[in-house]
Every structure is written in structure tokens, then in C-alpha cells.
Amino acid sequence: MSKNIKVNVEYLTRVEGHGNIVVNVKNGVLEECRLEIIEPPRFFEGMLRGRSIFEAQHITSRICGICACGHTLASIQAAEDALGFSPSEQTIKLRKFLLHMENLDSHILHIYLLVAPDLLGVKSFVPLIETHNAVVRRALRMKKICNDVCDILVGRHVHPISCIVGGFTKLPREKDLDRMLNLLIGLRPDMEATLELAKTLKFPQFNRETEYVGLVNDDGEYPMLSGNLGSTDGLRMDKKEYRKLTNEFVVSHSSAKHTKATRESYAVGALARFNLNYDKLQTKAKEAAKALGMKPIVTNPYLNTVAQLIECVHSLEDSIQILQELKDKGLDYAQEIVVGLNERGNIPVKAGIGFGAVEVPRGILFHEYEIDGKGKIVNANCVIPTGQNCNNIEHDMKALVPQILEKSQEEITLLMEMLVRAYDPCISCSAHFLNVKFVGR
Amino acid sequence: MKQVELRESEYITMPAKILEARMMTTQEKYFKIALESGASLDHDPGQFVMVSLLGIGEAPISISSSPTKRSYFELVVRNVGKVTNALHKMEAGDTLGIRGPFGRGFPVQILEGNDLLFVAGGLGVVPLRSLINFVIDNRRDFGKVHILLGCKKPADLLFADEIKDWEKRLDVNFHCTVDKADPDWKGNIGLITSLIPGVNLNPVRTFAVVVGPPIMYKFVLIEILKKDIPEKQIYVSLERHMKCGIGKCGHCQIAQYYCCKDGPVFSYDQIKGNVEAL
Amino acid sequence: MQQFVTLQKKELNTFISALAQSQKVVAPVARGYNNFSFQEVTSGKEIVLKYIPTILPPKKYFLPAQETVISYNKRENSVNAILEYEKMVIFGVHTCDLAGIQCLNMVFADKPRDINYILRKSKIAIIGLECNDYCDEYASCNVVDNHLPNGGYDLFFTDLGDVFMVHINTMLGDELVGKVPVFKPADEKALKALEALRQKKRAIFKNEVDVKHEDLKPLFDRSFTSKVWEDLDKRCLACGNCTNVCPTCYCFDIIDEPSLDLNTGARYRRWDSCQTEPFAKVAGNENFRKERSQRQRHRYMRKFKYPVDKYSRYFCTGCGRCSRTCMAEIKLKETINALAKEAK
Amino acid sequence: MRKPKVAFFDFACCEGCQLQVANFGEALLDILGLIDVVMFREAMSEKSDEYDIAIVEGSITTSHDIERIKKIRATAKVLIAYGSCATIGGINGMKNNFDLEDIRKYVYKNDAKYFETIPTHPVHQIVKVDYYVHGCPVYQPEFVKVLKAALAGLPYNVPDYSVCVECRFNENVCMYDKGITCLGPVTRAGCNSWCINNGNICYGCRGLLSNPAKDGQMDILKKHDIPLEWVTNKMNMYNKPRELEIDEQKHKG
């Protein structure tokens, strides 16, 4: 068997940000296989220097419009950690809810608009408007509901407005809670239909032993907003030590830095969380997992999409539960904070370092800030899920290509693209922060 | 919130059809329009209409034809923005909406029997033409008639054919000037103010009617006042931003006057000393 | 029809809740930081009785910030005039705002009449509420004579401690009172208390500026070229807040908005502000009020001079909103005093 | 009538503005009824070099970007700058607060040489822009307005009055009443005072008014005892690249 294959996917589509895939097979031997990230660097990290720690959220939210709420929450966590400020129970609850909405929104977008076209054999959701109109409408409807809930909760989903260091500048009123609850309860039938649809979809078969990394904790809650770092290889450490885990290094072909933990690479994201914390999922989510034939530990990266769907069920149900609790207890509106006053001494400022580790749709996201005595940022670092996954994707590709060499070049290309897309890479995010360690070329 | 349909409203437009449309200069387009109902617009010289294009907006445009023309009316539109640009794309056979006529036109009853001095600069000839043609159509009812016309260059001259006709008439004293001539130009060269001193008139029984761009008024009025025409006998037509045309929206306000309702024609006496008017 | 009735204060809730059963009721509610706003209420408990003028005056119900005036269909070449309205009761309108509504009534009843305004107005019942004392230092209702009720309401409430004295001014007011059996005929004692309050108010409310009521207009007649406007030019941000909150500012823009099919659509009017730069601009880049000083002068003239020439009435109600809302702290009373000082 | 072909392009940005399109819900299908989207990399694999309307997101930050945007301009009949990054430089412009060499070294250390960068430019500083949709992110109702205008071939005028106007319509308690500065008075409206409605201040993401009242603004700061630095600092978050135009005008003048 001597075959030459050259795959060069420029401007990978249906992912957020710019990426290229390069595969080079000569005489049946894989010579080159890599994922290039070519998003223009935006220097967020450099730009943060000298800004007030209270502005970090506003700025870092703009790293990525898709996971803006995730960046917001990670940034706030790091900032509050640096300031030694503990948010109230109510604030934490609302933040968890926000994170769920982001998770739901992002997963729905990914499942329906980015992955489904592959599985249904078309180039994008646009042809589906003709062939699967009801499905497209459902997807858009579900997405809109998440969006509407975010509008009520934080002003908007893309770059949330009211969620800042210290708490919320505007708390939902009683009728707002009702509106959100109604919207989410109304989402249930569409979620059921989505599960039914998922049962009919066929995913490529490919397994590779992988180390899965995510937040873990000892209470009964599926950890998203807080916890320690853990892995399926048994790793466990405090979030402060995240650099030991991520071991970032730069590779020449990519403007996103790569990471590795105990093995040569690791994976983060819905599948990692599913594998690590399956037990803590909401009952309905577990039922969904069963129906979809998912049981930890799943090592087929293509099934990340299915793990996302299971998380959707979890996020929806957990959100409804949180809303119910908030409604029963009632919100304390005295906690509504005035933006800007924090910067003027409401929250005392001291020099320090703070860490944020939050499970965002694509995996664990780290923010770290060092501030001076005036609350100005002197150093900033972010490690983005896709940056962590990049290395793992390359290892997956290297394992996958020899298994599918028999296929046509188009099929190979598609399978590679689908693999990358399964990770739901957010390349615009990952290209923006490159710091830490650089391993020379 | 309830929404109901109203049978009457000041904002309702009358459907109208363009009978004829042609470019007059590079910037101005001429339209001959008739109401679809067949009714006459029945306007006074100097009044204007709101031209409505659905989905685009409305613009106040002076009626250029004399009310003696009953079955149609004429507009001349300069292309300056959204509505006027869209109007320029329209041709004969197209329909548009009309509201009006609005405003107070020239006081024809007062002018009757008197000598008249018309001074028009640039686009000012458009509204003034409705009065000039009305006077010409009823020539016997008026005294001496002087027409002074000015524009930037010969190519800007509007209604050139008609003007030739005015020029030829024995019962009209006509002069025209351009700021900048071209080789074919045989007439006067210079600002319109230069024509005024040469007019031989009797200030006691002369009424001056001046229409032109804002900067023109100041200088023309100085010259006219030098002729000892009483302030009450000088009329101007002012242009202001307008939205409703019925004296509510506030855009066209000059002191206590709404230009759309109390104007656009004012006597000098009415507005002199008003720092915002001239 | 009884002229005066009383309502036990604790019964206000019953009255409002009962009214809210059958129609929309709006009343002042708190927005924090000593700001208030007219909002829909379903019970009397939400209402703040002691409030300073709301952020937006009740004009927002009479002349909505944005309203559709026509809808159209291009393909069918059809144009329909539209009225948007809502039947409602406004509770708690201060005397200055009653005056504001009266001013708007004059403008929109002036020919050609504005049908939209007039019809909408006829669906709104107005319940006034007396101010027993000054709202704050920005108010100047005395100089324009709006500190005492001068009509313009269906019912008028005066807080007399345990009871409200309620003046029934119209048949509609009588109907409202008749709907809920909580009102009693006013007794002698209550009527005396009302008279005493009015007396007391005459002592509290004093001319707020250094100019007498009748001298305001002549002052503005003389003030066209005042230096005071130059000073405002430097300070004013031209943000338009002062006109938007003014109960007697009614200028608007007319805008077409096609629907997504690009065939149908609506033409609506929307509040506009003479303080913004493009307001008086015409083609050829001529702007008749280019400078902020000219625009500020225009605003003041539109309160103290032009309407007096036209309607023989000051169009400032003394509510103080423009001063309260101005970030640059341009204050109406100060401006008037500065003009007066200069004129001396 | 043939449906106009629309292509989306992204430069340095967070792609949140493109996401705003996906957030329309089912109304998106109505929009897609009017136009033929031939390229939308975030959600579509189809590619095309033929389009009538180019919707450009993101700022110009490399010399490669300059070439690319020029090509897009040459192909498109209508170019819409979409989102603050494209219309005013936006958050990317914060980079211009620093020395470029310095920031490159800070972020990429020894590898800085691989990452070429130029000062952040909004699109109109490089090529002609026909329509602007300001905002970080864009306000969907305004985008719909602009799209309709572009399809009808009509101009869209971005409001040249301040955010305060809309803020008053919404009856928000003014931030200055709370003792806080807000860029609303100098920022052009059109977002329905989105941030203030939700308890935050205006950061000026839609760009400054054409004639902001500088003196007045200073006055206010003095009155509220707010250091000027605080405001310039906020201004420099979104509006820094504006200086490049002012510099240019100085050169020309």
C-alpha cells in the first residue's frame, strides 16, 4: 500500500476562530499531521496590564463572544480571589445558573448548527432549512430561549452586563424569575425531541486511551464553578497549581499554546466532565446517558457531542431547580451592587494573586491575575480549553489517520474536520493568551 | 396597547402619479404630478407639499407650478439625501404620496394691483415660479413686474425655456446673472445683489418677493432696503428642517413661528431683528 | 355630584386594587436614589405618596416616546392611519404635571388638530395629588403659579393626615369614586383642614427666582443676546436629557421603518430633542442652531417667551426636572437669576 | 428579484457579533429569506468569492489583514462594518495604548518575532465603509435596521445624539446621581442604553459623538470630584484608534 495524501484544510469552518488542518501522508507513512491555529494575536494579556482589576471582567469577556459568560465568571473568580473577597451564597447561585445557561446555549449551537450538518451529510445548516425545517426551527428556538434567559439575567448573553466583581448590578425581580422559569420549562419538550434525534445519529467509531481533566469535588454537585483539579488518571490538586497541570508550551505552527499533564496530552470538555463526574449528574441527565448508550469512561472523542447533549439535560434541569429555590427563598435586593463604587473602596484593595478555574462549555478555563496595592493588574494569564485540547487533537489525528488510510481523500478530510469539530474548538479564545513557558522550535 | 385604524389623520397621504419626470440639471429633477383622485391640489403660490415615499420618509418640497394649472402640479427636487435621492430614481408612471398643500404662501390678494420685484437665487426660483407664473397668467391685475434671477453658473439655470419666455415678454422687466460664466454666456456676470441698484422702481407701490438660500437674504435685503421699499412690503420664503408640516414637531420653529404653518412666507417686518430667522 | 369626598388613607389600597381589577392603573413608584417613575401598579402598596417629580413626566402616556402614525403596504399601495392607545387611570399627578398636560393639550388641539393625541387623551383618567410642601430645591412651581391645583384632573387627592380630601372635578371622576364604596362625603372638619393646608402652603411657597411672574416674559424678550447663553454653551453636553424629561417638550421626529419583508411597514413619530446637533440642520450643511448656546436659548425661549406670545401661558411648569436631570448642573432657577442680574 | 449574496468575514475580534446573528432565533429564517448567505465561516462550510454585501467583523491588526480587507472591498458592492472592533477598533484598540514592540515581547517573549502586528485600525481607516453597525456586541434591532437599509439601497444614519437620550426614555436612574461617571453623554446612541438598563455604566463601545462637549464633560468631572484619568482610561478602552484619524488629519492639515 503506497498512498500519498495531502490534506490541507484552510480556514476550518464551523468552529469559532481560524484553524487549519495539515495532514501529509507519503507512501502510506504519516509524515506530518497538525492543527494550525492562525487567529491573529490580540494581545489581551498585554493589554490588561495597568488596568484596574475591576475592569478585567469587562475586557476578558471580549476574548471570546461564544464563551463570554465563561470568561466573565473565571475572570471574576480570579479577581475576587486576588482581592480576598467572598461572594454571597445568592451571588454564587446566580453565577451557577448563568454558567448553566452558557453551557446550554453553547452546546445547542454546537450540536445543531456545527455538528449536525456533518452527520446529515450537508455543508451547513442552511440546506437543512429546506430538508429539515422543523429541526432547524427547534435549534434556533432553543438557542433563542437560552439567549432570552441571559437577557433577563445579565442583560445579554454576548458580553454579559450585570455580572461583575462583587455580585450583580441588577438582580432579577420576582416576575423576571417567573419569566425565566416559564421559558426553561417550555424548553423541555424541545430537549426531549433533541434526545430522540440524537438516538438516530451515527458517530464515527474511534477510540483512544486519553487522560481526561476537569474540576472535581467531594460534595454531591456536578462541579462547574468550583472544585479542585482532577483527572481520570487520578491527578488531584488545588486550582492554584494549575500551571503544573497545563505545562504549557508553544509550538511553532500555532498561535495557541499547547498543554500536557501526566501523559503526552490530555482532554478537557463535556466528555472529560462526563467521565469524571457522571455520578453527580441530574437524574434526568443520567437517564439520557443511558438511553444514548453512554457510560463512563468513554474514549471516543467523536462522542464529545453526545456528552454535550447529556450536559444540556443536566444544565436545564439544574437551572430549573436553582430558579425554584430562588423563587421559594426570595432574592435579597440589598445585594444589588453599584458598579464603580467597588472601585472606589467598597471592596478594599490589596496586592495579591488570584486564580479562577471554571468549567466552561469547552472545558476548564483558567484566569490568573497579579495585582499591585492599588488594584492595578501587573500580570495576567489565561489558559483556554481549546489550547489544552489542541495537543490532544493532534494525538488523536495521529492515531486516527493510519486507521483510515483506505478511505478516499474527501472522506479522510471530512473525518479529520469532524474530529476537530467534535472538540468544539474555540480558536478565537485560545489564540489570545500565550504566555508561560515557551519551548523553543 | 391597542391599535386601531383611524379614518382621518394629518399623516395620511394622498396617492399621486408622476406624469412626467426629467433631469433639469445634474442635481435637480423635474416632476409633473397629478393626484390619483383627479382632484386639484388647489394651492396658493409659495405653499409646499410633503412628498412621501413609503419605507423611506417624507420631504417638504415647494410647489413650483402656478395654481392656474388645475389638473397637475410641478415639483423640482435637488438630490441631497435619503428621500430626495430615492425621488430621483422615480420616473413617469411611478406613484408616490402627497400631503398638503401646507403653509402660508405669498399674499396674492395684497400683491394685486401693485408693482412687483422678484428676486430669486439658486433653487429659490422653484417656489417663486409658482407666483411669477400666476402673475403672468393674470398679468392685467398687477402693476410693473421686475424679475431678477441669479445662480452659480449657466448650467444651473432651472426652467431655461420658460425663462427665455419671461425675457421676451414686453410686460416683464427681466434680468439674469451668474456668479461664474462659461464661453456661451451672454448675460450678466456677478452676484444677484449687483442687479438690484439698476432697477427703476417706485418704492411706495412696489412689493419685493425674495427667495433663495439662507446666505443670500442678508445681502439682498440690504440692497432692497436701500431702495426704500417699506419693510412691510418685502416678503421672503424661508427653509427649515421640517418633519410634520403641521406646526407640531418643532423642527422648523423660528421664535414663536412655525415655518411650516406660519410660513414659509414671511414679511420682513414680521421677522426682522429675529436673530434666528435670517 | 358631590364636590368633595374623603377617603381613609388606609383605604387607598382598596381603591387602587379595585380600580386595577378593571383597567390599567399607573402611579409613582420608587426607582432608588430618590428617583421615581410612573409605572403600572396593581395595589396601593406599590405607590409612593411622597415623591419628587418622576424621571419622565406623565406625558409619556399622552405622547408616547414612540408611536406608530401610519402603517403601509407598498405592493397594494395602501396607507392606513393608526392610533395606538390604552385605557388607563393615572394616579398621583402633581399640580406641576397637571399643568404640563394642559400645555400639551393646547398644542395638540391647535389646528390642525392632532387626532392621535386627542383620542388617546380621552381614554386616560387623571387623578391629581397635592404637594403639601416643596419637592426639593429644584422646584419653581410658585413663580409659574402651579403650586396650587388649577384644574386639568378628574379627581384630586389632598393628604390631610389620616384622610385624603378628594375633589371630584368631572363626571368621569365621579364614576371612579362610585366604583368603590370607600368614599364618604367630606365633613366640615375635613374641609376646614383643606383650607388650613392651603393657607399654610401660601406661606411655604414663595417666588423661587428674583423675577416676578409677570416680569418673566419681558425678561426673556430682552435676553436674546445675553452672555448667559455663552456660559451655558461651555457647560451644556447637548445630551437632550432636559427636553426629554420636560413635561411640556413635545418635539418629535418622523421615521419610516419597513418590516423584514421590505413591503409593509410603519411610519412612527418619536420624541426628538432640540438640544441635539442635527435637529435644525438643513441640506447644504446649514444649521440654524449650531451652537449649544443657541440650542439652550431656544429651550428657555420655548418655555418663557414663545408660548406666551402664542398661547398666553408659560410652558415651564416649575417641576424642576430639567435641573435635576442635568449632569452639568445647569439649573433653571440659576439661569433665570443670572439673566435677571444681567438685565439690571 | 435575485436575492443579494451576503458574506461574513472576520478579522481580529471575539466573533460575538456573528453570534448575535445566531441569537435571532426563528426570526433568522425570515432574514435568510431576504438574503443568500454565501459565506459565514462560523456556521457554514460553503465558501464563495462572489458576493454583493460583505459584512466585516473585527479590526485590522496585521499587514496581511490590510491586503485581505482591500480584496474584500474590491469584490463587494456594499461593505458593512459590523461591531465595534470593525467600526472603531474597539477593545483591540487598547493595544495602541502600549508600545507595540513592548506588548509583543510581553506576550510572546522570545517568540515575538513570529507574531507580526500593526496598530489596531477600524475598517474605515483602511477602506471605504458603506454602513456601520456599532456596538460590542452589536444591538440586534439596529443590525436589522441596517440590513434593511442596505437591501433597499438607502442610507442608514447612526444616531448622532448621546446614549443619555435613550437612557432617559428608559427612565434609568442616572449614574451621576449615584456618584459614578458614565460615558453615555459623549457616546452615540442606538443601543437603547443597553448597559445602563442593566445597572452598568456606558463604556462608549459605540464610539464618540461627532461633536462631544469636551468642556462640559470636564466640568462634570470637577463637580463630582472624578479624576480626568478615570475617564480617559475608560475612553481608551474602545475609542483609542480614533487618535489615528486625528493624527492623520493633523498630517494633512
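Letters A, B, C and D name the chains as they come in the text, with residue numbers starting at 1 for each one.
Convention: a contact is a pair of C-beta atoms (placed from the backbone, for glycine too) under 8 Å apart; a residue touches a chain by one contact, two chains touch by 3 or more.
None of these values were measured; they are calculated from a predicted model.
The interface with the greater count of contacting C-beta pairs, when B-C is set against B-D, is B-C.
In terms of Cα centroid distance from the overall Cα mean, chain D ranks first. Taking each chain's centre as the mean of its C-alpha atoms, the one that lies farthest from the centre of subunit B is A. The centroid of the Cα atoms in subunit A and the matching centroid in subunit C are 51 Å apart. Here the CA centre of subunit A is 66 Å from the CA centre of subunit B. Centre-to-centre separation between subunit B and subunit C, using Cα means, comes to 39 Å. Chain centres here are Cα averages; for subunit B and subunit D they lie 43 Å apart. Touching of two or more other chains is recorded for residues 55-56, 81 of subunit B. Among the residues of subunit C, those in touch with two or more other chains are 258, 262.
Residue positions of subunit A in touch with at least two other chains are not found.
Touching chain pairs in this entry, ordered by label, are A-D, B-C, B-D, C-D.
Across the interface of their complex, subunit D is touched by residues 11, 13-18, 39-43, 45-47, 49-51, 55, 58-59, 62-66, 68, 109, 113-114, 117, 123-126, 129, 136-137, 140-141, 143-144, 147, 154-159, 161-162, 164, 168-170, 250, 252, 255, 336, 338-341, 428, 434-435, 438, 440 of subunit A.
Taken together, the subunit B residues at the contact with subunit D in this complex read 55-56, 81-82, 85-86. Across the complex, subunit B is touched by residues 152, 154-155 of subunit D. Put simply, subunit D touches subunit C in their complex at residues 27, 30-31, 33-34, 144-145, 148, 151-152, 160-162, 164-165, 168-169, 171-174, 176-178, 184-186, 209-213, 215-217, 219-220, 223.
Contact residues of subunit D toward subunit A in the complex are 10-20, 22-26, 28-29, 32, 37, 40-47, 61-62, 64-65, 90-92, 94-95, 97-98, 102-104, 106-111, 114-115, 117, 136-137, 175, 178-181, 194-195, 197-201, 203, 233, 237.
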